Amino acid sequence: MLHFMGLVYITRKEHFNAAHRLFRPELSDEENLEVFGKCSNPKWHGHNYTLLVTVKGEVNKKTGFVANLKELSNVINDRIISKMDHRNVNLEVDFMEGKLASTENMAIAIWKELESEVKKMNATLHCIRLEETEKNSVEYYGE
Amino acid sequence: MLHFMGLVYITRKEHFNAAHRLFRPELSDEENLEVFGKCSNPKWHGHNYTLLVTVKGEVNKKTGFVANLKELSNVINDRIISKMDHRNVNLEVDFMEGKLASTENMAIAIWKELESEVKKMNATLHCIRLEETEKNSVEYYGE
Amino acid sequence: MLHFMGLVYITRKEHFNAAHRLFRPELSDEENLEVFGKCSNPKWHGHNYTLLVTVKGEVNKKTGFVANLKELSNVINDRIISKMDHRNVNLEVDFMEGKLASTENMAIAIWKELESEVKKMNATLHCIRLEETEKNSVEYYGE
Amino acid sequence: MLHFMGLVYITRKEHFNAAHRLFRPELSDEENLEVFGKCSNPKWHGHNYTLLVTVKGEVNKKTGFVANLKELSNVINDRIISKMDHRNVNLEVDFMEGKLASTENMAIAIWKELESEVKKMNATLHCIRLEETEKNSVEYYGE
Amino acid sequence: MLHFMGLVYITRKEHFNAAHRLFRPELSDEENLEVFGKCSNPKWHGHNYTLLVTVKGEVNKKTGFVANLKELSNVINDRIISKMDHRNVNLEVDFMEGKLASTENMAIAIWKELESEVKKMNATLHCIRLEETEKNSVEYYGE
Amino acid sequence: MLHFMGLVYITRKEHFNAAHRLFRPELSDEENLEVFGKCSNPKWHGHNYTLLVTVKGEVNKKTGFVANLKELSNVINDRIISKMDHRNVNLEVDFMEGKLASTENMAIAIWKELESEVKKMNATLHCIRLEETEKNSVEYYGE
């Protein structure tokens, strides 16, 4: 077969539904309310998070793939979704322990969980995009 | 101005983000897990709920409206969103007290909260649609 | 070929972008502002309208169709989109002349334009759904 | 727990990607082109189909559910998605054998596959909605 | 609390509905029609614009935020949405005065309005994305 | 008219529906199944592809455009959509001949078809984004 050379970016979208709360334990509920607004509600709230994982690499001659998206999906599910879906981000997710459960921190933490896994697939992690609501999203590129 | 007679249905979409848990207090965590699956996680999970409220009525000659959608939005926000957004459905929403926090029950409860309010606007509540995830939704027509 | 009997509803989605204003000419700008809010801005505003036309009928034995959706699309474009797209609903759309340019009235007017056209296709117009924004929509069933 | 009485409609959304072709075997390619347009391409084309299955019923006192959506999802996957996803609708789907592969016929066929399965869940199948493209969809209510 | 170092991009989405017209005043209506097509309609047309504002910065140790998205939303509403929503872009928006009301120019103008405001929040404006229709969008990065 | 200097990126979205199959002709069906999974189904499957073409350039003083999006749409339709829509990617698309029909390869091939066409419009092709499903997409930047 003919082969195209080229650096291509592929993205897989996954979902998880989780509870969380924004707060610093050293602050009172009133102080947390002032800093974090209604997101600090001590009785929790939650979101349908959308996670987009982008990896980049050369197109493989034998598959036409940068990476097998089914494999990538499996990795994301094993390492992230199975730990976060229908969970409490503050209380039950090992890689978020001791961190503020902001979308920014969640994106960085997910990057750290996936970076070496993607390397094993002979591709490079490029971007973690995490959408908390339709209006709010964050992106982290490992910088 | 010329006037169109006709029964028209108008829909307003609103959003709220909440934590909840599916469980019956008389069951153990293990029994709840068997009935409700991961939705029974004792440490909560959450969703971005999308709420669609449909009301019907004759088009008003002076406004061209069935009902003023801004007014309808205000009513939905006062009665529902302000009580559910960034809240725990099981612990903090008065009209869900003592009920299983399923999407079905939430839709019926929201209907009960809004029915008389919509009547005051000279329109009739037609449907409460509540979307829990992109894949799961319920509709209640007051029957 | 084998044939399925059954009443099926088919829907075609189209788009148009138009300017409009909500106002009654016998009122002052101030009075219109009170009734219609910012939608009465005398210098116009506009929307990307989404129009969904649903027709129903028995499945045709020779085509498997209730109606040819390409034909239905052509009819909608000839009768509605070509007259409303990139137009001013109040000033340039013949079938809205003399009417309040509310979404409700637009839906009823579009029904009147399409009803007999759909009949010619041996189907029955079932619903006109018009979405003005992501949050606001109306439906008219010809009642 | 307190219990709400009420008839509720619940909807589950699933996806499948399939190839198909609109044609009648007794016609020539030219005749099929005339009737079905580019959808009759003899070398096939395909779609990302979105399937929405709506069932209705009374809310169960012990679960707060009309039906367990995970169970409903499993049924849809067993009976429909596993047979249609990454398949050729004309050549490989048993319940479409000998029928024109129109969206209308597919919706009716899916209804026939699911009706008795939903009954076993103590609910009633209400609507099969099948979206072929963002612009074209059909609904079948078993009438 | 533990702290993640990292440059994160956060995006806030807002909406406004406006009328506009593409034309150069020194050209006749016919000439404008030739250059700008139906977008030059002298009686205006309009859109539901979607505005996405991306800012970047280090994650703040005390909040877990790059910037408070509620604050960012307030700034966007004060400086942009309140001036453009339900307005005529050509006639009523001070920062578009004397400019062609193309999506490209609107994006650049919005950048100029927001750049210093974002700096006050200790973040850096990264991208203005403006979507005019579902099919047409522009992005400006301040270059 | 006043003029804004600036490098702006504009994007046009188009759709096509096509059949394809992932396989290498030198492998048996069983071997292809092992490498490509259900995507290797010998009887084809298909997708609603979404194609996003981003071009960049300075804003033209006389039009306020980087490029006329209607012209860009025409070019995409002439060179890509008319050849791929309702076609079999493996068997009927000249610029995919002899190549594995992966989304990655399709994006690179589309880039090659459009690059010089965009240059004729005095703009620079920046990105080809091709979405195969709601969950899977690729981007190619010509590197």
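To keep things simple, chains are lettered A, B, C, D, E and F as they appear, and every chain counts its residues starting from 1.
Here is the rule we use: a contact is a pair of C-beta atoms (placed from the backbone, for glycine too) under 8 Å apart; a residue touches a chain by one contact, two chains touch by 3 or more.
Quantities reported herein were computed from a predicted structural model and do not represent experimental measurements.
A.B. asks: Which chains contact both chain B and chain D?
C.D. replies: Shared contacts of chain B and chain D: C.
A.B. asks: Taking all residue numbers used at the chain C/chain D interface, answer same if over half belong to both copies and different if under half do.
C.D. replies: different
A.B. asks: On C-alpha atoms only, rotate chain A onto chain E and read off the angle in steps of 5 degrees.
C.D. replies: That rotation is 120 degrees, given to the nearest 5.
A.B. asks: Using mean C-alpha positions as chain centres, tell me how far chain A is from chain F in Å, no decimals.
C.D. replies: 27
A.B. asks: Could you state the distance in Å from the CA-based centre of chain B to that of chain E?
C.D. replies: 33
A.B. asks: Residues of chain C touching 2+ other chains?
C.D. replies: Only 134 qualify.
A.B. asks: Looking at the whole structure, which two-chain pairs count as touching?
C.D. replies: Contacting pairs: A-B, A-E, A-F, B-C, B-D, C-D, C-E, D-F, E-F.
A.B. asks: Spell out the part of chain C that touches chain E in their complex, as residue ranges.
C.D. replies: 15, 17-20, 38-39, 41, 43-48, 85-88, 91-92, 133-134
A.B. asks: Report the residues of chain E in contact with chain A in the complex, numbered from low to high.
C.D. replies: Residue positions touching the partner: 1-4, 6-14, 54, 59, 62-66, 69-70, 73.
A.B. asks: Would you pull the chain C residues touching chain B in the complex into a rising list?
C.D. replies: For this pair, the touching residues of chain C are 22, 24-25, 35-37, 97-105, 107-109, 134-143.
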